[in-house]
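In the two complexes that follow, chain A is the common piece, with chain B as its partner first and chain C second.
Take a look at the complex of A and B:
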């Protein structure tokens, strides 16, 4: 009896040793920041003797070419593919961690199984991320050697930690995945959950470091006007746009990851033969969509915050973003975001069929749909497009002739807030569909809900219209904050209120997982594809607004590809990349499935 | 398999729709190509041509119309003749300009000296201008180009044109133009002569004495230091000499490969 116990302690010790080692590794990453910060005081005067040169001034000859290869497109496609996979493998562990925790709390094994299935899919994707990252660096060194040399001198130290974190990430991920069935129950489960937390800590730090490179190129810091590095690596990392991008990316990645696993569930649902399997994948698809929506709701705010910060950093870049030729890109963005909201909502509506009580709410759905489409159309309306004179002439004027007034920011903010609010409403209906409230004050409670939503909608519209059309330019944006607050307050209050109204509510009947039409699964595919494409498009604008600069105002792009392409061209590159990505994703899913296939070749092996 | 193909077809269709919309649903604007240095031949230019040059710069390379347009992002510049005297009398005005020409130049290269009320960066209470220094990195107008823009602003703003066409400015544009046409040189001695380094620096008894003697420069200076000394001479100043004496635009003219040749050569002087 004693021996096995001993072994158990041994295992525990081993795990803790590993844990400590990994935490140290992770902390080393953070600690380094502290060191950078401390260095910064002395770095300024040390700069003169640190021996860093200014950013090189390049000519077209400094860009190696390979006949038949467009170097910009090559780097672009590799970067985008790498980003997609990286976003996916960083995002999935975030919600896998949460789902695992939910499973531990509710002791509902379905959650644990789902979490495992999600992480299984990321394993292959993880290798692909690394391979694509390697290809990206290779392409950069090959085609843009001076740029990558310059950036590497600035990020020398952090590059080392990047590599270290990458190894840590691999180690934790593999233990987390392969240890899943081993680390079950009681203390072991806690160890496993801790591994999940570490996985996320390492992954997120990794992303933050990668973001430092690209934000440095947009808002360089820690260098002087000639590009001479002061030696203060933390200043270069913590540049002006670092955090705005970090936030937007972090949230967008979760939504993206949710949508991709949603597509996985949708496909498994469509191809499932057994009823039980269909129920399982329906439930999984529902959860994936839920994750995507939760992350989708705050995204517009994070997006406007990012845009405002870009504007604050450089008015020129801000105008290029929102008012220059890229303004049309936001029209495409609007189409995509509209698609995202509509498909997520559509999926929810279809899902109401799982409950027998949903009939009570179906009559409202068409109104929600009308509002969503209306809001989408307003968002979609272009307003001012400020261009250089030649561009102006080819367009025939800066304003859209008829729709001008709907294109201004307050109108768009109003539309976004309404879109979010009505999505929340869809969700509330979905939650209510299978329940019958039993508290005595149901009527009053519902009246409060109606009043709350109505007052909020009126307030949002009023703010938008008042600030948009009756005040001077400077105050136009003033509406956005109270509007956002209104939306948030309504969401919080109504969810809280509903949870009280439905306390101890009766269920209409058991939820029938699996009872959902096949077309709902296509809504999930639409969500995943739109997200992928949107991400590619936004990756383009992020890079594109630097125009002919590698590093804004410091290192000029002198290559023949320094020009900004038309949006159609950019869209085509993004589309081709998206198709490659989708093909690779299908491969990843297929591999995940092959692992569980068994062939028993009769008479092949010696008995 | 049928399901699989249906999903693939659906995916392709969706992507096709997005691509189609981006190509045919919105106007395809050919963005302006990156700004190029214009070859300026100021010596044979009339004032009208000079003003026309200013107008071109204003609408093109200067990117002024990005902000100075009817949308209220920046003040309109059509009434400069009336506006400037008021600005100069404004109690908030702390600059050094005495007339319209000086005020305009100051507005262009030091926009934050005076910020027109209501147009400052958010949160700075009109102490910081969102307008970039037009001679700086992002726009990069040369001194002559700034003069041309000022001439245009005076002309179009109803003021008398007082700017003179600069004659003695060594136009960067010219060098750039000829720089683009030439072959890279591999011989360090030729490079030293070509970029007139030897006019200021003595090496082994040959050359001028405006700058430090470089005969033994490689003995105590490393390559990074030398590279910086050439590209960004004011980053640190050799003892006994003053800043701004060595031309700072060497980097515009020297090819990256040539720079390495020079650095190699200098590092070898021991």
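Take a look at the complex of A and C:
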């Protein structure tokens, strides 16, 4: 009965085997590309002492072309699609591991079933990740051979082990997935959970290695000014932006993965015909949204840390990023992040309909909405405005005296902290909706909660306004840390306090899973689409701030595509890639569903 | 009398819209740009409809008049009127939007062009990341001499810069109205307060022609001041810009 599954596994393993072999062969073949002439005397000396050559100085002739193919767009789209799928397949095992552990602790089989369903969606996506990775490496070798040669001389070890790690990743993933029902109960379950941990360890290592290559291109280390490699591979890996990117990607992947499985649950909810099925997928969607929100809340801080580090590494890249040509994409980013917060909150508010006790809290929703929308407007107000000539004349310049100050980071940080706090408040109300506290100190507990939120909000506003506008830049940047800490302290303390207040609480009634309007499911779709688009646009910016450099200040891009495209063009490329990704994701959802369909062709088989 | 929910939503949106106009255009005398107002209203509308539709009963109440208008046979006159008026309004709006006008198209302008890593200034190749104001250390070491340098910077500013950037450093000099884009307002927290002194030195020394090719076309009428001023004079002017506005140059070290 299991034969078809084994055959699928075989096919997938074959694809991976092929991919890994290709990568390995390719890397082995790089040595044949030759050594590039050193131009400066010092570079020659350095090259002689280390045995490595300087970064090649290229001309337009060094970039092979294929008629009718735009090499930059090809690499761009393959890289982006590969990254989306990679983010998804790296993230899902993280929360599958956690959900499985929760299931083991609570002995609630629903968690185990949900974790299995999540990993089932990942399995097809994993194949697509590898296929797209193969396409990316082929495209790089075909169109940018000198770049990939240079990078592979520096990262040869890590690239080789990266390829080998794919074997480990594939092996652990398949045992983890196909062994799910086999490794159940007692010791076997612990073995299964350990496999989940191993899967995450290998997956995260893969991500860290790939991050090293791309951050090297932004903040090269372990090489001199001519690009001569010192031979210290760790220095090249542990470059200035490696850890900021690692942290940001790790958190963002979880949020993204949560949103994609949330979309899967929404898709299943909307297509479900039975009440029980609707209830199951409603519960699944809620959990996926919860995961996405949990990762979304710290994400702006990780992003801010990354941007601050980029600025610290290179004023040029920093200004290009947020004050220069990419600043307008940041406005789109702000709009999309705000959309994420609004969608996540809307889903929670709609979800309150599952409880009969929610009426006690729904009266506060309008106030939460006012703060969220107000903070959102501040969050995306640009510093330099798009003005008509009449408006320009009337204002006397491109800066608005009242709205201009909202365009810089202190206002944005204050706004995003408030958005995070009020999203946490929405979640707290959602949790309380179906409960009646029975402890005697409930009023005092609530008063402490109100005081905590009020004091925290005052502190965030003070830090944002005073330190943001009346002190110098170093304090402006530094003030963001106590702002974040204030938000985190409020969230942790209030959730802890709430769990004590509602210890032994009465339930108003059973939670009616499935009693949620269909439009709430579209909020889950919006979450997934916004995340996808956001990652594409911000990924382009991260890569684009190098401008005409393959490796910043070391290896110049001499291809005909070395210019920065217009924002509209870039947004179109990312949008088309996002549509392709969404189409592939729908295929993944569909194929996950097909596995459980059965046809009994009467009279076809011999009895 | 209870106001129908659809009307409530419309009234709230109208209130917010006119609220923005009254507050900014009338009370504060700082017109709210139409592009920004459109963005604001889009998300205010999203917020209003989120609040009005998270609950099933409330949603039904909200859409009931629309549903009745479309489905109720007794509302035929209403329906036909609305079905004629709405496309007409949209059509007229679109026509007016698409009509050619004498208004120059709006353009996105980024206020801080990214500096190059190195630049040729006064015949030397300087690394902007490592460049520091040679007089900045005197602020602590010899405040009196520092004060004199600021005053000298003020003289250079008044003799050369104020015609465009204004005697209050607010970008409203006598020539400002003739320039597009208008000169920068240094009092604004988003200009020199965000930048390192080396950036100002590069921008002043190399002017509009020194802006990076990679990010062309830049429009800037800033002269190449290294052709007219001494290197020290530019550093002194930078001291004055920060001193007068009360901003501090961007730095990475706590003082």
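By our rule, the second predicted complex is superposed on the first by the 534 of 607 C-alpha atoms of A that agree within 3 Å, B and C clash if a C-alpha of one lies under 4 Å from a C-alpha of the other, contacts with A are read in each partner's own complex, and residues count from 1 in each chain.
Just so it is clear, a residue touches a chain if its C-beta (ideal position, glycine included) is under 8 Å from a C-beta of that chain, and two chains touch if they have at least 3 such contacts.
If you're wondering where the values come from, they're calculated on a predicted model, not measured in any experiment.
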First (chain B), second (chain C), both or neither touched by A:159: neither
Which of chain B and chain C A:130 touches, first, second, both or neither: neither
Partner chain in contact with A:522 - chain B first, chain C second, else both or neither: first
Which superposed partner A:148 touches (first chain B, second chain C, both, neither): neither
First, second, both or neither for A:319, with chain B first and chain C second: both
Chain B versus chain C as contact partner of A:270, first or second or both or neither: first
Touched partner set for A:102, first chain B, second chain C, both or neither: neither
Partner chain in contact with A:493 - chain B first, chain C second, else both or neither: neither
Chain B versus chain C as contact partner of A:61, first or second or both or neither: first
Overlap of the chain B and chain C footprints on chain A, listed as residue numbers: 312, 314-316, 319-320, 323-325, 328, 335, 384, 386-391, 394-395, 398, 473-474, 547-548, 553, 563-564, 567
Of all residues in chain B, those that touch chain A in their complex: 3-4, 7-8, 10-12, 14-16, 18-19, 21-24, 26-35, 59-60, 63, 65-67, 69-73, 118, 121-122, 130-132, 136-138, 179-180, 184, 222, 224-225, 227-228, 231-232, 235-236, 251-252, 255-257, 259
Interface residues, chain C side, partner chain A - complex: 24, 28, 30-36, 39-40, 43-44, 46-47, 50-51, 53-56, 59, 103-104, 106-117, 128-129, 171-172, 176, 180-185, 188-191, 193-194, 196, 198-199, 214-215, 247-255
Parts of chain A lying in touch with chain C, wherever the complex brings them together: 312, 314-317, 319-320, 323-325, 327-328, 335, 338, 342, 345-346, 349-350, 352-353, 362, 365-366, 369-370, 372-373, 376-377, 380-392, 394-405, 407-408, 469, 471-475, 478, 517, 519, 547-548, 553, 563-564, 567
Residue ranges of chain A touching chain B (in the complex, touch as defined): 48, 51-54, 56-59, 61-62, 146, 224-226, 228, 267, 270-271, 312, 314-316, 319-320, 323-325, 328, 331-332, 335-336, 384, 386-391, 394-395, 398, 473-474, 522, 525-526, 529-530, 533, 547-549, 552-554, 557, 562-568, 570-572, 574-575, 578-579, 582, 586
